[in-house]
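Below is one structure, written out as structure tokens; the observations come after it.
Labels A, B, C and D are assigned to the chains in the order they are written; within every chain, residues are numbered from 1.
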Amino acid sequence: METSVWRALLYLVGIMVFAGLNAAYLGWCERKGAGRIQRRIGPCEVGYAGLLQPIADGVKLLSKQLLVPRGVDHILFRTAPVLAMIPAMTSMVAIPFSANIQARAIELSVLLLFALASIGMMAVLLGGWASGNKYAIISSARAVSQNLAYEIPMLVTVITVVLLTGSLELREIALKQQGGFWHWNVFRLENGHFLTMWISFIIFFICSVAETNRAPFDMAEAESELVAGYMTEYSSMGFGLFMMGEYLNIVVGACLTTTLFLGGWDCPLGLTPGVWWFLIKIYILIFTFIWIRWTYPRTQIYKLLNLSWKFLIPFSFANLLITAALIKVF
Amino acid sequence: MGEESVPSSIESVPSSIVQFAQLDKLLNLGRANSLWPMTFGLACCAIEMMCTGGSRYDISRFGAEVFRPSPRQSDVMIVAGTINKKLELAVKTLYDQMPEPKWVIAMGNCAISGGPFKVKNNYNVIEGADKLFPVDVYIPGCPPRPEALLEGIMTLEEKITGKRRWPRVESC
Amino acid sequence: MSVPLHLRSDEVFVLNLGPQHPATHGVLRVKLTMDGEYIVKAEPVLGYIHRMHEKMAEDGIFAQFMPNTARMDYLHALAFNHGWALVVEKAAGIEVPERAEYIRVITVELNRIASHLLWWAAFLLDLGGFTPLLYAFDDREKIIDLLERVTGSRLTYCYMRFGGVLNDIDDEFITGTRDFIKRLRSRLPRQYHDLVTHNIILIKRIKDIGFVSAEQCRRYGATGPVARGSGINYDVRKNEPYSVYPEFDFDIPVFPEGDSMARYMVRMHEIEQSMRIIEQALDKLPAGPVMGKAPRQLKPDAGYYYSAVETARGLLGHRLVCDGDKNPYKLKLRSPTFSNLSLFGEVAEGMLLADALAFMGSLDLVIPEIDR
Amino acid sequence: MTICEKLQQALQPLFPLCDVSSEPLVKDEPQVADSEKEESQTADTPTVGVLWTDAGRYGHHLDIVCLPDQVVPVAGIMDREGFFLEAITGVDWLKRQQLEVVYDYNRLGGEHCRVMVRTFLPRNNPVVPTVSSVFPAADWHERETYDFYGIQFQGHPNLIRILLPEDADFHPLLKDYTP
């Protein structure tokens, strides 16, 4: 892996473009998807079929007055949105888009991604606490307890995958799953431990929905209860950065799920692996995020925490034990 | 602030000292096409505002369906209903909390002039939202139909960008 | 579900569910004294949309108050028109022709379905589900078109006159109503019950939340779906029959549990009952005039008159005092939501913020009707 | 034995004289069946009485006129009989310098019977004991009647304005009020 400057620059620009476009056009997909689910058209006046809508939103958000209200912790108030955006962007470095498209094959990339995810959680806490608004404080307390509760089952399910492939590097995990869908971790037909992997896939998917604060777990930004959650005091680009951070977290969650469980860039029939299969899988998962959001109401904070502490964590540990036993046996 | 000092709706927004003609045009286009209203429904007109958000009239075609609950993230305040003396302070603070390029649509007769409650012994209703802050577009009706609200939004867009999106329907 | 609350002075803070809040659907302000996320004391503050209806009643003649009635509860405006028309017809002794009574019942029941649909949409919006709002608005737009053909306005109807109704309904209205009922009946099981009522997240959100006992309803004067959700079998159309309601057979959905789920189910069943009434009314619709003879200058003789009408939210009472003059001497409107909300303070103590909003949504509040 | 007769038995100790008359006419002063009253400017307390009225015509079955301090015992009896407080209304009789408070009681379920209890107060200092201890529903209704008419309800937990802004100093629904 030669470390020439051009390669680094190329990947830097590539990641920025991928992240920027995704953050903007996921908003468009969400509004169009919501429109279809709710039997209406969604933005279609701005440019062809509303394609210029995210650009119009971006321009408007850029040109709005950035209000910093009094009684606000200046430093933390300004860093929170930036802190929400950085981890999502940097975690794109470690994701293997395809065999030869990967910014840097970092040794313990799975751990890196989870470390960055918890920094993202810090941003929500800082944003809510710094803006001094009562609704924001309640929302940030909820967000931290929720992310904490759902990170543990997520990590435990990741251990089951790592047990299977024997390496903490995303690239190795993806390489081990090449060659047709029966090699994917979700189905894993040979040497018998196909029983438990789809359970960990389901637990992992639930936790990634909860990790990115998406309905039905959007306790942090609960519009109808806490006005606008931790984003209440943020006006133009502060709010814009938080929204981009949220959408990028969804993209990173989807990338992680595909790499760990759905065989990364591998083609279902094992013929033509490539980056396009990776993108197709990501966008299918992202569409399910959107689909879930617009069909389910919101759960109540304590039932949500009970779901994790009393149900998901025991299940994921049991799943871990069974997988370990099966690997030992076969 | 009486009616005479209200600028006519076609006149362009007074711009800053340094004139970036093209940049201003681009910014205004962006602002006009993504007007995020603030959910501020007071009375009957709020139900018509919700109907405009529904599937039949679908305000989301103009990119305006993101009803932001917090005044910090909204551009246009649609005053849909009656403002009375007890609510006056709350309405003014909400208007002040909105970041700068902000507009106000007075929806319904109550917001324009107190409407059916502009009576002889009126002890509690403020007769018109323009007594509190400058209003950009007035939509008459009690309550105005959802199409009227869409027309109001298009008039506001014309006021921002100077060009009208669809040809104006000549009143026959 | 009241949690032992320790009122440490430094922990408790006052949160304003302010006049502008997405969950209050209007300008109701609730001063919540909170300990963490548990509510220690909840005190609704009213008056942010008080529009002097009673003062205007005393200034104008009887007919001038009809538009005001529709602006109090704009979701079930026709029931308010009906209440005002009933009390003045009682006072002045005006006869209403048979066909007008039937048309009144049909339009009031259609308006009740529209009001329940909008309550259902707003309630789900409070709980975080945004899509049901759009489905409910689809059906509601059909009803609004039907009523607009007959009454002329979408929301604030001024359709009833003393002695009858403004204009007659034609065949297109009748076939339109029958098609609408067929369409809603086909959509109710799939679109409303499968998507929402049997949804485990919704059930967990409103089951055993906001328990209101029958005794509490009686002491606070709560009526309508709130009382019927707590096991009280009281409906003005059955207990104090007015207009032509005795000629239809429909039953009153009563659920003894008293929690938000019970109130939810009461309203969903009421939609079906209203459809039954409309069908029977359409079958037995007599011919004849729609406007009885009413004196141009109404001067009812002095006395105290009272009329009660069942709106979508409960018992609406008109207490009219006349002294023989041409305008009402005093009109007091007993609005159902005013009493339904008065029990919010007592029930919401010890609840979570999210549950209190779910409970407030199940009370089906229309704020201008509270503040009058 | 309808609810109304049972109620009348319960009210017997308070109102010994009771009479059935179909026309509780209120031309300009409460004309109680058993004694003719002449017009008088000073606020005199009308003698109490229970009148039967035709529900179809007036909407209520019983019309009770009582003294201000009898309001709470009547409310106690109503509570025992299973009635609920529907509404409290204030009426401003300017010509007779009297403020009237009308309590409406109704039954929740079972046989329908509505009772109207009226009491008259002098206009200059209208004071009546509160019934919010018996019926919590009265809490808000009394605050509203105080808000519109200035009637002082003794013993009310927090008698402050409910609909008008807290700092309003006028009572709008009085007949002689002009903004």
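Worth a mention:
We take it that a contact is a pair of C-beta atoms (placed from the backbone, for glycine too) under 8 Å apart; a residue touches a chain by one contact, two chains touch by 3 or more.
No experiment lies behind these values; they were computed from the predicted model shown.
The most distant chain from chain C, with centres taken as the mean of CA atoms, is A. Among the chains, the centre nearest to the mean of all shown protein C-alpha atoms is found for C. With centres defined as mean CA coordinates, chain C is found 29 Å away from chain B. Distance from the chain B centre to the chain D centre is 47 Å, each centre being the mean of its Cα atoms. The distance from the centre of chain A to the centre of chain C, each centre being the mean of the chain's C-alpha atoms, comes to 44 Å. Across the assembly, chain B contributes 54-55, 69, 86, 121-124 as residues in contact with two or more other chains. For chain D, the set of residues that touch two or more other chains comprises 164-165, 172.
Chain C has residues 21-22, 47, 50, 52, 55, 134, 138 in contact with two or more other chains.
Taken together, the chain C residues at the contact with chain A in this complex read 13, 15, 21-23, 37, 124-131, 134-135, 138, 195-196, 199, 201-202, 204-205, 352-355, 357-358. Interface residues of chain D facing chain B in the complex, by the touch rule stated above, are 164-165, 170, 172, 177-179.
For chain B in complex with chain A, the touching residues are 26-27, 29-31, 33-34, 54-55, 58, 60-63, 65, 68-70, 72-73, 75, 97, 99-101, 165. Every residue of chain C that touches chain D in the complex is listed here, in rising order: 46-47, 50, 52, 54-55, 58, 87, 90, 217-221, 223, 227, 232-234, 239-240, 302-308, 315, 317, 319, 321, 323-324, 329-330, 332, 334, 338-339, 342-343, 346, 371-372. Remark: chain A residues 34, 37-40, 134-135, 138, 215-216, 218, 222-225, 227, 294-303 touch chain C in the complex.
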